[in-house]
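Chain IDs A, B and C follow the sequence of writing; residue 1 opens each chain.
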Amino acid sequence: MDERSRRQFLQSGASAGAAAGAALLTGCASGSKSSLGSVRFAFIVKTPNSDYWQACLTGGKNAAKQFGLDALQFTGANSEANIQGQIEIVEDAIAKHPAFIVLAPTAATALVPSIEKAHNAGIKVVIVDSAANTNAYDTFLATDNHAAGMLAARTLAEAVRKKTGSPAGQIAYSTFLSGVGSLSLRDRGFLDALKAYPALQLVAHKDAGGDQSTKPISIVADTLTRFPNLVGYFADSLITLQGALTAFRENHVDSKKISLVGFDPSPQLVRALRSGSVDGIVLQDPYQMGYGGVAYGVLAAAGVATPKNIDTGVVAATPENVDAPQIQGLLNPMSQRHMGFSQPA
Amino acid sequence: MSAAVSMQAAIEAKRISKRYGKVVALEDVDFEAYPGEIVAVIGDNGAGKSTLIKILSGAVIPDSGSMAIAGQSRSFSGPRDAQRVGIETVYQDLALAPDLDIAANLFLGREPVRKGFFGALDFFDSSAMRLQAEEHLRDFGIKVSKIEQTVDTLSGGQRQAIAVARSVLWGKSVVIMDEPTAALGVAQSSLVLDLMRRVRSKGIAVIFISHNLPHVFETADRIVVLRHGRRVGSLDPKTSTMDQAVSLMTGASVDTAPGGS
Amino acid sequence: MTPSIANTGAERGAAPASRDDRRLALWTAMLRVGLLGIIVVLFIVFSITAQGFLSAQNIENNARQMAVVGILAIGETFVIITAGIDLSVGSLLGFGGILAAISLSNDLPISLTIAFVLAAGLAVGLLNGALIRYGALPPFIVTLGMLGILRGLTQILGNGQQVAFDVPRFVNFASDSFLRVPNLFWILLAAGIVCGIFLQFTRRGRYAYAVGSNVESARRAGVNVGATLLTVYAISGVLAALGGLLITARQGQGDPNAGTGYELDAIAAAVLGGASLFGARGTIAGTFLGVLLVQIMTNGLNLLNFDPQVARMLEGALIIAFVFADQHRKRLAAAA
């Protein structure tokens, strides 16, 4: 982890802790926990169907437990690509008029009308993970995806340098679904940082079209066929990284020659990281997004002016640092993390 | 060539009754058909013709009455029981599988399996089926261009012929036909009626329902008339007229002595 | 007089071949060579234009990638032949896949896992068949319901997450080859040959066509319709579960979203291969070609750096074109 991202990480951790502390204080000042218990909120991620979003949900649930809040729901659509499904969930939540909504929008533009509707109805809106093209929200907690994409590029370049002696050669990358705000930013960050490595030549960019099954595999396999001299591959999400890993395995890719870097961990990917089949996994902090999302929601609902944008930070896990405590904390986000204040019994 | 007195009936039903709720479909009906005769069942709509042949073919179970096949007392619990003792039925819709070829239709549900290992695996013997089918059709003078033709490429008369051929292939004693000429034109009807005579010549009892009195009088050896679920008469087409048949069917002035009761 | 039913046919046959007859022959010939012809043309075009298309690695990739959908499509072909449809195969694949992952993550042996998952597929297939036959429900409704039930159950079983396991032997099977042909493709080939023989040469296979042609006729002819429907849905279920085992081996983890939408890919392949949703038409060989066509098209366009969605659009257009041609041929045949 470089110094900049460490600083970001610590800062954001501290800010979420502070927000949570403030929220608790608000609760105490008003005399009893029950007043906070009457604060109802909805927590809507893209889909509950992944480790990443489960970590985010766990953060939100832990916060709700600690603050004694009354959650209407912790939910999401059945897939990250089901934009309409998420819109319906948000509309239903607005109808129940909670104090605040924590939302990870599946699409940057499609959710805007719903977000503005909530905002206009006096519901505080905390957006997490992915941006929405509107100003009608109170706080946005997310990975700085552009910075994260840059980190991925640097990690890939470093891995290529280690294997071939210099950061040079053909590289390619795959996107899970084009048009998703967070992924576009990552990709742009990746491309921007690549400019520092003119000898790395980008030869292909593939879109898995939101397919969660085998397209993320086949697009990488076909790229390996088309460009047999590839030295590096970047996958901008969990699904595409897993697909790339499978394609590498099936095509008997020599991991001493081609480097693979991508986003978000899973047990299989962490094993691959240890064995050297994956060279870097950019880790976000979905737990903190969930926890902080609820904490800032409480603050906003209490009338506190909250910061508009909060970066929850990223680090790159590599075969070398995978056992460091900080990396382990992010790799196992389901373990209740110590957030800088005492957990309730 | 009506039934000889000494002959045993191919199928005989006694005092058959069937009700659907309060509606009496058949009441105390006796019916018999002898080997090598064509019996027509006529009657107005609702007279009980369909119910009678469904009972004979095992598709409907009577409330009371008894049946005997070649002198043996039988009761059917389904069409398969009737098929097992050599009674086959040609339904008005023919019950053919239009997308299967002619041989497949002739043997549908009763395909011969191959001998040995493959037979144990339920493999049917397609060459035996084709050969038997060709021989059988030739036997009845039914000509088709190819035995591998699917049934949906055949004309209406050809399909009717295939359905009859199938029933004869399996109906060793009785073939029952529901309105065999209803959907056919003049030329094709006469082909089917000829086919029925050929079936008769094999010593099989042919029973058919028809609304078409000229066809009935042209083909049948004996005519059984039903009205309101009762058997109201039995006519010899050689000695009776169509007017007499209509009178019996409709219950108008009866100026002929009924042959049965 | 000898009744000659052929007279009517002969009358027509005596007439000189009409324009319609020639058109019918043309359409029939086109359909006969159509699918294989398109595959051959695509193969030639991609061999020339797409770098790496003919490489051993790419052929191996194609063989591997078509395996899972191919296996589903074989099962779907059986069901479609009976004029039914099985929308539950994608969900059942996901369900089987997650069961396999859970079983392996609990250190159950591979053999037991396989037996257990295939048995689950068999049970679901039999349930589908029983509801359709004995519950007298439309196949579309029963399997649509099952699609939802199984996907929900899969998400619950996996707790909405991917299920990790560490059984290299199981995972390696999916990426390994035998005689330079991927194991996955061998499985597809074996399933295709066994099912193809069953469908064409056994009585129960023939009854699938009879039921699809006219269920009432089949019943009256003495075909056991219930047993036939149970058989086809059971085959579809077992093959979907097999697909689940393979996809879990391939991905190296149980994915609760695996197989989402695959039912449509399987139906599309069967239809491209000549199966009719009205029943009684379809062959395993045709379905295999349907899967092959989609695979080659997707792969070749991918290698040519087309947007992967282009392949999807072309697949859709081809389905419509093929069914149109088939219907047109039928109309000509009926008019002839």
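Here is the rule we use: contacts are C-beta pairs under 8 Å (C-beta built on N, C-alpha and C of every residue); 3 or more make two chains touch, one makes a residue touch a chain.
Quick caveat: nothing in here was measured; it's all calculated off a predicted structure.
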Category of the chain touch graph - line, ring, star, complete, other: line
Maximum centroid distance from chain A, chain identifier (CA atoms): B
CA centroid of chain A to CA centroid of chain B, Å: 75
Inter-chain centre distance, chain A versus chain C - centres from mean C-alpha coordinates, in Å: 37
Inter-chain centre distance, chain B versus chain C - centres from mean C-alpha coordinates, in Å: 42
Touch list for chain C against partner chain B, complex: 1-9, 13, 201-204, 206-207, 209-210, 212-214, 216-218, 220-223, 279-281, 333
List of chain B residues in touch with chain C within their complex: 79-80, 83, 89, 91, 93-100, 104-105, 108-111, 113, 118, 121-124, 126, 140-145, 153-155, 157-158, 161, 166, 187-188, 190-192, 194-195, 198
Complex contact set, residues of chain C against chain A: 50-53, 55, 57-58, 61, 64-65, 68, 151, 155, 159-162, 164, 166, 171, 174-175, 182, 247, 250-253, 255-262, 298-299, 302-303, 305, 307-309, 312
Interface residues, chain A side, partner chain C - complex: 48-51, 53-54, 78-79, 204, 206-209, 211-215, 217-219, 221-226, 228, 242, 245-246, 249-252, 266-268, 271
